[in-house]
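Structure incoming, see below.
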């Protein structure tokens, strides 16, 4: 009962909405993996990503959360949609699922889950003794241009190369068809 | 060892000449054949000029290493860019210069992928120059690998007769050789305790006997693969046959010397005790190689195979000279490296001309070529006479020195190897007779003789052979100035 | 360097070496196709050495001490090869012989080789030969001599195979080179052993060491025997004589110069050169004597049945070389060397005369020549007869004196069998020589109508050109007068005149042997009633044996095929292909094969592979975590 | 619960496991790519969680997350173009049909 009461306190609301966000993530993830229609998968992914963005808000990083929505939902999911449109038509009959494969996959991911969970449980998480409390986006930006400038540059380089690579790969064989 | 620092970076220039040529060629258009040839010829000419300069200006009275340049490269591992010339590598640098220059001239008529061809040739020769001049074991090995790789591509693209098999075989053999060399080098590096790859400094370290024995045998077989030591020789005739003319010239003329030079410069220089331990084996393998090469060559029908096996035999002479560990023997060996390089280059150059015209190298299909192209076949006959060990050519002196010292140190093996030079004569003259004498094959009667310009590379090679054949001291005094302290250090 | 030019003797020796090689180089590189210019260069470069040789001979006629010049050619560690000249009577005489005959042959060849497309090459090769042979004569050290000796082999190879389109010519050149090389390897081994155990290979030094007995006897014997191998090769001694008859495939002037007068005499000269050393080894002397005798008899018997005129002279050369070796080995340096000198004259003459006939009639068969009227060529016919008389050892020609000297030496040998053999050899020599002469002089079945039948082109052939006949006359003069110079030569070569006891038994037996040979030849071939079959054909088996050249060619061919090609070469090639290469290929292919064997794991089902990976990682991780 | 690092880690772990299942089980290459994105997000959550609760300076993890995002975008671009290329070549984007490398 105590629990029910707490739900309606400010803290409780926070917890409740946190649970909602987590639920959104899990449901989205399950749809992204489980649905047979590829388009539903993308929508599920978008849902899960929204959830993850919410989690980031809880982790004191609204900027990253926004980026998450912007990049993942806004860019990657759309790109996947285009890829779906450029590849196999959706109306084709899908081959039946193979239960043994699903079972194997489930077993493997379960094992990994167990292992990592165990690892997590056995680890004692120790916070750094001196922690800065400066979460601001200003600091992130400052760091990106000073201490982590190299990373920043590398990101841009990686993106450039990826873009070129994507163009080259996808362009291949255009002339023939 | 005394060092004399260069006042001008001659050796670096020699090393960079092909690199610069190569870079320029990369920026030229594929169709500009003539320009590409001219650029590579000038790169080769600069390298040749510098090698002649160092050869002539080396002061035998001073001795030691001259024209030295030494810069730190990787300090934590003790790797230096350390180049210098002494009496052992001066002739070999000269040889490389001559062979690359004549090689470019020989391939003047190439029409197929000219740009890539000359680029790879220059890359190859960079590696060779680097190996011959560097006094740092690591850099030595680095250049050694640089020399091996372009070979694969050159044979694969411009080759003939089972070229894929040959290129693969050659590369695998040489890689296997490298696989033995690396542990040898690292063993010496690790046990020296002075954290340096500088061979001159390492020479001062007295390695434990087991280290010397192990390292020597690793290095001997590793380099021996490239020097075509019996029984690791089978890649070489196959490779020679498959390779295009100038590559065969470089390959047999220079690349095989890398192996022998490695044995001398790294293995024997750093592991004198190991050498004493394995000398008997070295002499045995060398003697077997000498005899074996001529006998197998006797049964061949492809001109290039014949030359390939004669190379096996002649490299056996180099090995035998090294195995004696005497001043005379090593003098002879180094001289033989030079002489054999020039001689095989001449051989392949002459065969290449004929093959380019007739598209066959089968002895029984040729015949009477002295009538059809007297000059071109004259060059081959001269090479064959060199191969048979006729006086008046540089190879004669080398063989004389090696055989006399071999008979002294290893009487039985020396005498057997010596006896095989009869077969060597039979073998060379048999080819000459079947290919160049008798009635000409009517199929080939309309071919033109070699023009003076295309004959130029062969003329240079012949002139080199004769010059050092008549005045051996030009070369021998130089070699001796390095070999005497070398043997004292053994 | 100034010493080279201030000392005329040295300059002369130097020019003897430089001019011919310069001529060789110039002709080969520049003037090969210009016949006139090539000829001029070559003649210039052989005339000057000729003059030098004669003037040196004149200047040093009373030489007491040998003159030695030495310069360093190679200075390795314990191998030191000097380049130098040694002038003493032995070398001066040889120098003169070589220079003279090679000059005469060059003159003669102007006529003989006229119009040959390889005229320039021919003179270049002759120059190369002159260089190497002059080098052999005046070398100061054995290694230098060996080098020139090898060059002699090369030029001989090039000249024998001069008409390389002919299979037999190229084959003969190869055979000559390889067979002499076979001997030379022995020579080289001898030099190697001497270098190792003695060191200094200067000729004067070795000779004095042997005389002073400062060299161990085993070393002398080994060295001398191995050096004798080289002599066997070059001077065509049994069993390495097989190359010489084949070498007649070369142009006839070449046969005259190389394969009779000078090059083949190089072996004999070598023994004479190191005679004090050589004679210090009784074993070597015995072997040389035996082989010389075998060679003499073998080649004489073969000469009796040959029908090719050059073959007859070739075998006669072999037999005379055997004779010289016998003379030297019997202990008389002078006899052997004197015979070399006279033989050079009359044998060159024989060949050059035969060359005229061959040139004129276009055949080598002297029966055919006789039938076509060979005796009508007066000068060659007269000179060939003079030479034949000399070869048979008839007074007053030079051969008489030198044979006499050798027989005298053999006579003084304790074992008289050698003397008898020598006499028998002299008899055979006279027989086969005059077989040729009588057949040519008294043709039996000349058929003029046949002659007109198919030899029309030869009829309009010029007579004997003067460039060809002058050398014949000069050589004939030598042949006649040289015998009377014996005393001078003795004083020149030995420093004193030998005491001649007039041994009438010796004289008479020698003359009888020669005359009976000629007489038998007359009965068989010369007289009107002669049946024109050799007496030997009464024993068909023996005749066949001789005709097949004692089966020596067969033996060597069998040896080459069965051992060199058949056994070693085939075995090694098989080994290379199958065992060495096959082994490597097996390794390579088994690597590929094992890869193929395991490739079933490569299912290309990515997810399955990933599944395994994940399971294994997870399993290992779990195991590790559980353990803690 | 909200302010506990382990909560976030478990969430991330679950997301990761789901993603892995998808990679292993799905046949469509696009679906596999989607699953990979899930796994990447799981990793990102981890970084953010460590950043929030443990790391000495809270900017580092955010930068990491941004970096992962960029890499993911690059990966998606390349992956999708490869998928399109594969589809052109094989007329299918089924993983099980891509067996050209079978031994």
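Per-chain numbering from 1; labels A, B, C and D assigned in written order.
The criterion applied here is as follows: a contact is a pair of C-beta atoms (placed from the backbone, for glycine too) under 8 Å apart; a residue touches a chain by one contact, two chains touch by 3 or more.
Here the structure is a predicted model, which means the values were calculated and not measured.
If I average the CA coordinates per chain, which chain comes out farthest from chain C?
A
Roughly how far is chain A from chain C, going centre to centre by Cα mean, in whole Å?
The separation of the two C-alpha centroids amounts to 97 Å.
How many angstrom lie between the CA centroids of chain A and chain B, rounded to a whole number?
Comparing mean C-alpha positions, chain B is 62 Å from chain A.
Roughly how far is chain A from chain D, centre to centre by C-alpha average, rounded to an integer in Å?
It comes to 7 Å between the two C-alpha centres.
Averaging only over C-alpha atoms, locate the centres of chain B and chain C and give their separation in whole Å.
The answer is 36 Å.
Spell out, as numbers or ranges, the residues of chain B touching 2 or more other chains.
Residues of chain B touching two or more partner chains: there are none.
In chain D, what residues contact two or more other chains?
20, 24-25
Name the residues of chain A that each touch 2 or more other chains.
Where chain A meets two or more other chains at a single residue, that happens at 101, 104-105, 108-109, 112, 116.
Which chains are in touch, pair by pair?
So the chains that touch one another pair up as A-C, A-D, B-C, C-D.
Which of the residues in chain C come into contact with chain A in the complex?
Going through chain C, the ones touching chain A are 607, 611, 614-615, 617-619, 621-622, 625-626, 628.
Given the complex with chain D, which residues does chain C contribute to the contact?
Against chain D, the touching part of chain C is residues 596, 598-607, 610-611, 614.
Mind pulling up the chain C residues that touch chain B in the complex?
Going through chain C, the ones touching chain B are 72-79, 143, 146-148, 150-151, 153-154, 157, 161, 164-167, 169-171, 173-174, 177-178, 181-182, 185, 188-189, 191-193, 195-196, 564-565, 568-570, 572-573, 576, 580-581, 584, 588.
Where on chain D is chain A touching in the complex?
Within the complex, chain D touches chain A at residues 1-2, 5-6, 8-11, 13-22, 24-28, 30-31, 33-35, 37-38, 41, 44-45, 48-49, 51-60, 62-63, 65-67, 69-78, 80-85, 87-89, 92-94.
Using the touch rule from the top, collect the residues of chain B that touch chain C in their complex.
Chain B reaches chain C through residues 169, 172-173, 231, 233-234, 292, 295-296, 298-300, 326-328, 331-332, 368, 370-371, 385, 388, 390-392, 396-397, 400-401, 403-405, 407-408, 414-415, 418-419, 421-423, 425-426, 429-430, 432-433, 436-440, 472-473, 476-477, 480, 484.
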